[in-house]
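Both of the next two complexes hold subunit A, though its partner changes from subunit B to subunit C.
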Partner chain A sequence: MKLVRSGLSWVYVLLIFGFILMPVVSLVVFSFQATNLPVPPFTGPSLRWYEALFADSRMIEALRNSIVVGVVSGFFSTALGFLAAYGLARYRPRGARAIRAIVMTPLGVSYLVIGFGLSVTANELALGRSLVLVTLGHIIINLPLAFAIVLSQMRDEDENLEKAARDLGAGEWTVITRVAIPVLLPGIMAAFLLSFTLSWDEFIIAFFLADFDVTLPIEIWSQLRTGLDAKTNAAGTLVFAISLVALTLAYVLNRAVSQRSRRL
Partner chain B sequence: MNGAELNVVDVVKQYPDHRALDGVSLTVEAGSYTVILGPSGSGKTTLLAILGGFAEPSSGHIEVDGQDVTTLTPAQRPTTTVFQDYALFPHMTVGQNVGFGLEMKKVGKKARVERVREVLEMVGLGHTANRHIAELSGGQRQRIALARALIVEPRVLLLDEPLGALDLKLRRQMQDELTRIHRSVGTTFVHVTHDQEESMSLADNIVVLRDGRIEDMGSPERLYLDPATAFSAKFMGDSNVVSGTVRSDGTSADTPWGVVALPGSSSAGTPVTLSIRPEHLVEGSSGAGNLGEWEVMEAHFLGQKHRLIVRRGEHELLVSLPQSSNVRQGDSIVLGVDAHMAKLVKGDPS
Partner chain C sequence: MEHQRRWQGWVLVGPALLVTLALFAAPMVMVVLTSLYRRSGGLTDRTLSFDNYIRLATDSTIHQALWNSIEVVALTVIFSTLIAYPFAYIVAYKVPQKWQALVLLLTVVPFWTSYVVRSYSWLLVLAKNGVINQTLVSWGIIAEPFTMANTRFATVLAFVHFFVMVSTLTIYASLRQIPRNLGLAARDLGASPLSVFLRITLPLSIPGVVVGAFLTFVLAIGDYITPQIVGGGNELVLPQLLMLQVSRMGDFPLAAAMALVLLIIVAAVYAVSAKNLTLERKR
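And then the complex of A and B:
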């Protein structure tokens, strides 16, 4: 009976993971397809679609745009998130709870609303749609995340480090750059990588706000509309691989942080 | 470097819900080792934070060598603080930690490295400059924290429970080390602790703090042998405290324990509170007081002495008898008081 039950739970687990991972697996597998259509049977392995991908100047352009938008929006959400977290944790201003709630708000608003809202606002201000707007949108959605990650790593005990630095003659800028940021660096890097990842494969906001220059998800989507071939699989696999690397790094860094708190 | 004189003048620290310091005034002699002793909640850490510039007094002021420093930032003051948790920078090496203060003063790298080496050698850790903080033991971290604070040559070094995180044996070692370092640098040390033994073995001067007020201050000998208040008597080691009334002879008092000789003379009928250390109670009735017969409830041999708890009716006394005594639990003994060793204190016995 026990054996049956544990057998059944294994089947259940396998089904769940199968359901979640099947699309990803088929995406990756058929990106190595040797023939035109990314449908069974598998005819590869072949790298011809990757070759085609890197020969496609619009894809490469979109790839570059995605990286720039991801890095720039990741940088700003992390920087702003850090400053907000640092200010709240160290200076404990009046209304800290309210400020915290406001910073976290975008997390509860759908991307559709944020993208649409920004698009309307940009229209009213007579600003054209552009990658700058996309970047702005990504900063808005990632700020609360970066803020929450950095805040969770800020420990009250670390305040003494900053006091000690001030006592020894460090100004506020030095305190932040030489003590606060290095101590929080793993958390800050994790926040940056997660922000980058979320920007990297974000579709809705980019769709609302981008003009002729588009990000990779938009380019993949528009190519999918014109015809199905395994090149989009190759592009999707690339997106997936880069996300995976960034998330793994973020995870490793977060673990380093918790190990530090245990050690010291 | 020379230690500075520190003056605390009528300092009050009022928080919304309580008063942490209630009119504290004291003078710390230049170059002395002064310990601020008090139970948790006595305001000792608040006082240290105000001395270091990390907190502002609600009223009153702080002077270093006569100069008012109350409104100066921590960096502008000739004081440096050693934090209870050491507050060493975890991402820097030992050398970078210790050299931080000089780096902030724009001291060149070469001179800095040289000075770091000197200070590290002074605390006995000359070989550790390239190590990371995580590789060091608690006692080593303590010394690095000292080195980092001393390298900027403060006129007053402030230490917040510096030995609190160390185990007993290491604490004893570090006490000796602190005394040695204090002598060799000559800076004024102000050390906060709740540990009475630690305060006695380190201090030239002890300030006993209670509920934000100074209860007593003076040399360890004076504080122990002639405490000012009942609280101070009990906090600085064990003591038996009782209230009584001065007898018509003016030199002894009636107490629930018996007749006890007073250290001086007082006018008859005055209510008094007396403190008698356990080691000043003796077996047999002496000229200085006869406390009559007591039953021994507990007797422990502690090596150097016997520690007894004796009782008569509702009264209990702590007694310390010499090694040679052979009193056992259940015995009855007659107790007397050493001449002049019952001390008049302020405050209630409890």
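And then the complex of A and C:
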């Protein structure tokens, strides 16, 4: 009986893995297709669609735009989120609860509605659509997350380090840059990398706010109109690979940082 | 000193607050205002009126889209939870501890492809000449490929795929917080494994189910990409209809009213489930 049950468990786990991984596996496998259509039978392996991809200057441009928008918006979300979390946890200003609620609110609103709101507002102010607007949109969706992550890492014990630094004559700026940031670095890095990943992947806000210069998800979207295409598989696989590299990097960094802080 | 510290706190919090006001609160006010404008003769008429809300209340296309949205999202929440729960349970209790992290990591692999690409990859699988149809035909199980892409089934399947990952994580987190001693004590006192599950494990894991269901609901109801790419244009959901107003009709006022409908639905669901929305153990 027990054996049957654990057998069933294994079957279930494998079925779920099949379900979860099937689209990704199809994507990656058929990116190496030798013929035009990314459907069975598999005719590869061939790198011709990757060559086509790297020869596509719009795709490369979009890739670069995505990286820039991700890094810039990630930086601002994290910096603003860190300052707010630090101010809230250490100085406990009047109305702290309200401040927290306000900063967190955008999290409860669909990206679709946020993107639409920004686009209506930009129209009203006669601002043209641009990557700058996309960056602003990504800052506002990631700020609450960065704020929440850093806030969750703020521990009351660490305040003693800051107090000690102040007693030794450090100014507030020095306390932030030399004590608070190093102590909170794992949380700050996590917030930045999460913001970057979400911006890198974000579609609808960029769709509303980007003009001729687009981010990668938009460029892939516009190539989708031609239907199934092995080149889109190659682009998708590349995006996947870059995300995996970023995540592995985040993991390694985080480990290194936490090991160092344990030694301190 | 105390006074000065509070003042400094505001300086640190201020930038984030200002950015939230400028990039979030102000645009939301603009959406409300726009929803009160009117579209007439290809131009936006800025006299305030409730015309768009009257259209929302009377237009059957909009009602159908709203109903499609709710149906698709409800099916998604139900199926993701039913599929994710046993999976999370097996991972939390049957898989050896040292393998659990690896299993969860594999479970979320598709998270790291982009959202657009993930929807596209379902198209690869479901298309008339896609992986499933070709495989079934070549194995002789079916004679003719059948239509799966561009249907509501496809939308729900692609949504369930994504949200099984989300719910597995939240339910797993809940299950792991249940002290094992509770179950052991109940067993000692003569409870059957089934009643341990029904009376201890299940009730204590409800927070994970609720958080997963809430995230699923909020993210799916406002999603345009999956219905558009996988589901196609046959049965529109509300976000698709909204985008149609923006891109084809240029009717921003009506789109604004629809955006507010989406906002209100999410707010209402949040209000109903707010007190259960935590993964931390209640003490």
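Heads up, the rule we're going with is that the second predicted complex is superposed on the first by the 245 of 264 C-alpha atoms of A that agree within 3 Å, B and C clash if a C-alpha of one lies under 4 Å from a C-alpha of the other, contacts with A are read in each partner's own complex, and residues count from 1 in each chain.
One rule holds in what follows: a residue touches a chain if its C-beta (ideal position, glycine included) is under 8 Å from a C-beta of that chain, and two chains touch if they have at least 3 such contacts.
Because the structure is a prediction, the values reported are computed rather than measured.
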Query raised in the report: Are subunit B and subunit C a fit on subunit A, or do they clash, once the structures share the same frame?
Result: fit
Query raised in the report: subunit B or subunit C: which reaches more residues on subunit A?
Result: C
Query - Which of subunit B and subunit C A:Glu157 touches, first, second, both or neither - result: first
Requested in this report: Pick one for A:Leu168: touches subunit B only (first), subunit C only (second), both, or neither.
Outcome: first
Query raised in the report: For the overlaid structures, how many degrees, to the nearest 10, lie between subunit B and subunit C at the C-alpha centre of subunit A?
Result: 100
Query raised in the report: Which partner does A:Ile140 reach: the first (subunit B), the second (subunit C), both, or neither?
Result: second
Query raised in the report: When the two structures are overlaid on chain A, which partner does A:Phe17 contact: first (subunit B), second (subunit C), both, or neither?
Result: second
Query raised in the report: Touch check for A:Asp201: first (subunit B), second (subunit C), both, or neither?
Result: second
Requested in this report: Examine A:Ser26 and indicate which partner it touches, taking first as subunit B and second as subunit C; both and neither are also allowed.
Outcome: second
Requested in this report: Please state the minimum Cα-Cα separation between subunit B and subunit C in the superposed model, rounded to the nearest whole Å.
Outcome: 7
Requested in this report: Pick out the shared contact residues on subunit A: the ones touching subunit B in one complex and subunit C in the other.
Outcome: none
**Report entry** Of all residues in subunit A, those that touch subunit B in their complex
**Finding:** 157, 160-161, 163-170, 174, 179, 182-183, 185, 260, 263-264
Requested in this report: Write out the stretch or stretches of subunit B touching subunit A in their complex.
Outcome: 52-54, 73-75, 80-81, 83, 85, 87-91, 100-101, 104-105, 133-134, 148-149, 152
Report task. Flag every residue of subunit A that touches subunit C in the complex, lowest number first. Result -> 6, 9, 12-13, 16-17, 19-24, 26-27, 30, 37-41, 80-81, 83-84, 86-88, 90-94, 96, 99, 102-103, 105-106, 108-114, 116-121, 123-124, 136-137, 139-140, 143, 147, 172, 197, 200-204, 208, 216-217, 220-221, 224, 228, 232-233, 235-236, 239-240, 243-244, 247
Query raised in the report: Any idea which subunit C residues touch subunit A in the complex?
Result: 5-6, 8-13, 15-17, 19-20, 23-24, 26-28, 30-31, 34, 83, 86-87, 90-91, 94-95, 103, 106-107, 109-110, 112-118, 120-125, 127, 129-131, 134-135, 138, 161, 164-165, 218-219, 221-225, 229, 239, 242, 246, 252, 255-256, 259, 262-263, 266-267, 270
